[in-house]
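The following blocks contain the structures, represented as structure tokens.
The following pair of complexes shares a single chain, subunit A, combined with subunit B in the former and subunit C in the latter.
Right, the complex of A and B next:
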């Protein structure tokens, strides 16, 4: 029994190590997204081009944070995803409403 | 809480996911994600207010006020602290308490330096530009949004330090593993909010 436990622990440890490597790749891509966003603004591109790109960079980076660093890609995250996306839905409506109030 | 929950976990033992091994842990995990859904809405209302009041009534507009160097350094520090807390949870899953504490300690140092830079930044705006909480609608909206995030950083730091001190001699067990896990989720969420702050407030502020 003890032997079996330690064997499965070794297996889990190996799996964790594998996952940690993916986390490092995630981290490197997040740095790249950040550099692109800052670079676009410093490079002084046209604002109608810059704004959508930096917002896209932010959304992708946040998705990486949620799905990899916060493990939303793992099993058993159905309810967390439901709650978070409900929050995002209300968030979107809130910002939309406040923007339309000051539109003109 | 049973005695079994309080037994110190050591490497080589099951379970592999100590944070979700008990019903209490599972409930904490779910409850915390529900809370994060609510936090998303809270920050959205602050972002909405900021976007609506940006540059309103202010002598110094966002474009002139913000500098990107400091914001870039703060971004990299907070992003790195997110990675170090991933390392902490990695060691928690391997039931290596000491390494987990070490990486959390590094996370706290990075978080504290972020906070220090933010205080310096606010202080700079107040003294150089007279951009204060009460000087304009823009000022109120800016300090409320960014300050609320800074408040979250401070709370997260106090939370993690409390966990580290309180469990220093106890080691990792099924009772405190969920607490550590949930604190790390909170820390990641702080970085999630910051990604939108540096994009919407600072970068879009610079673009105009």
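Right, the complex of A and C next:
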């Protein structure tokens, strides 16, 4: 990040500021998610409601982690993203099969 | 052998060189030699099976021995022969085809090989005390309740060699994505490199399922767990799923690189650009994608229910489409080309109808309702031998003839090559074609004896005669290898008038491959230069120092440690003192890893001045 001109320096500064904002927002929302998850379990909601919501929040948190903290939102992450999603697909298919067509 | 300083070395020095090498070209030779030895072992097992089934009511081997033979034949051929052959070809060709000086992680490349090797040795040591006997698929509960230590050797041996394969796959993935020469875009990669890429992805996603399955089985057999035991709340169908989630992609892992090398060979020996290059790439990726959602077609009779069976049947039949695209593209590449029938091309041309026959029976087997009739009969045996022998083994022979000059600097004798082809080809069809009908007549798979009144005599006799023809073909090929290494003439850099980058450097290449990284100007880069340039690759960089990795003995030690640990784990069931052996093995492995972690190994540089002196380079 060698900023030769003040213009590009300003641009980088603005970009970093923007990124910092994103970090803070996602960090805050992750804390909120965790509070909600705990709250739902303490509040003794119905299981069929609690479990899907917690799983949904977990998925969102993983996405936050990957895209904002591990910089997958930046350019040049096409292949890692492709590989990640393929892996998720294979794992999902496996779990789906184990859940549905393994008889006892 | 492939170093620039090719002086006569003593045997000890050569051995040490190979034990410590991190050079992809030498690792290719290691994979080839060890795969070849295991191939001969698996072939011997096949021959014994066929002798047992030569005549009715035969008593050549006992029933228990027969079970060990079929199990070890399948396991050896898939994991210890076909896989290393694939890795041998990938190691020799992929870095050269993309204009790289080595793979991305040379140390890991060596580690992958040694893990595979020690896993294979562990598995085969079981012959002294009783080999695995539950079939290569090792279905629970047969495998979990099999007495003796045979299946323990299967579990630990495959676990260790599987780790090596996984490491190798990741290595090639990174190599192909990151180490391509300037101008070598994805859509300019030779088809072999493309298929190696897709195969590496399949390895990355498929092998963990095997690892998990083997771990569960290890805990069931060695530590009293009950993952596959219904009386303890387990379920043996889980093993079937895990095994085939790995096992089906595995057959594409084996055959895709072969498709790729056939594409390269056909285009080279037809003197034509590959017909429908982008369609071929698309078909490769599609086969890889679909390969992951068809595993349950091995389990139609397990009782998954009609809906699951239908879904998997349709997905399976869908694979015939990209495969058909490939078959037609190969035919259209040859159409109107200047075809040279070299030994490599002969194997390739024979592959097309042979493999297609296996594809047809594949579609037949994919029809779930019909599969209830075919399941576990010789029809299935015939089918998968048609695709694996007619595909992979033909492909390996073709690939060896094609790349032998690049590996060893000598051309395999063409006459002997063709002489080896004919008995193998005829024997192959004799052995396996008749097995379709044996299966339809009701001969079950894995049968130890059939009886004289069963009407299976003639078919089995023909099949056995075919097996002897295949043996003859293999022996002629071996003779060819020996004769060529003694008398063969030195090969030029480009003996086939070929099209891709590996033929732009001397045979065998100097250990740094490319003196200057070449600039790639199109698909089939060398051919582009032959038609539009001066026939030589243009360097993409000025001559400079080349950074090379140091040789290392650590991969051997890490693998040796896991081998010792595996042995200890197998026998600690009998006597807990064997646990000390297991721990000793673990310490060897961890200690070697520790040394690797704390010791700086920065490699060395070949200096520009030395390169200028030698004169050999990217020409």
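Some observations on this one:
Following the convention adopted for this analysis, the second predicted complex is superposed on the first by the 87 of 104 C-alpha atoms of A that agree within 3 Å, B and C clash if a C-alpha of one lies under 4 Å from a C-alpha of the other, contacts with A are read in each partner's own complex, and residues count from 1 in each chain.
In the analysis below, a contact is a pair of C-beta atoms (placed from the backbone, for glycine too) under 8 Å apart; a residue touches a chain by one contact, two chains touch by 3 or more.
Note that the coordinates shown come from a computational prediction; the quantities given were computed from them, not determined experimentally.
After overlaying the two complexes on the shared chain, residue contacts for A:83 are found with subunit B and with subunit C alike.
Subunit A is touched at more residues by one of its partners, and among subunit B and subunit C that partner is B. Using the contact criterion defined above for the overlaid structures, shared-chain residue A:52 touches neither subunit B nor subunit C, since it reaches no partner.
Contact with neither subunit B nor subunit C is seen for A:39 once the two complexes are overlaid on the shared chain.
With the contact threshold set out at the top, residues 79, 83, 86-87, 90, 94, 97-98, 101-102 of subunit A are in contact with subunit B in one structure and with subunit C in the other. Of all residues in subunit A, those touching subunit B in their complex are 5-6, 8-9, 12-13, 16, 19-20, 23-24, 27, 30-31, 34, 37-38, 40-42, 47, 50-51, 54-55, 57-58, 61-62, 65-66, 69-70, 76, 79-80, 83-84, 86-88, 90-92, 94-95, 97-99, 101-102.
Remark: subunit C residues 177, 201, 204-205, 209, 230, 235, 237-238, 241, 245, 292-293, 296, 303-305, 308 touch subunit A in the complex.
The touching residues of subunit B, when paired with subunit A in their complex, are 11-14, 16, 20, 29-30, 33-34, 36-41, 43-45, 47-49, 51-52, 68, 72, 75-76, 79, 82-83, 86-87, 90, 93-94, 185, 188-189, 191-192, 195-196, 198-200, 203-204, 206-208. Interface residues of subunit A, counted against subunit C in their complex, comprise 79, 83, 86-87, 89-90, 93-94, 97-98, 100-104.
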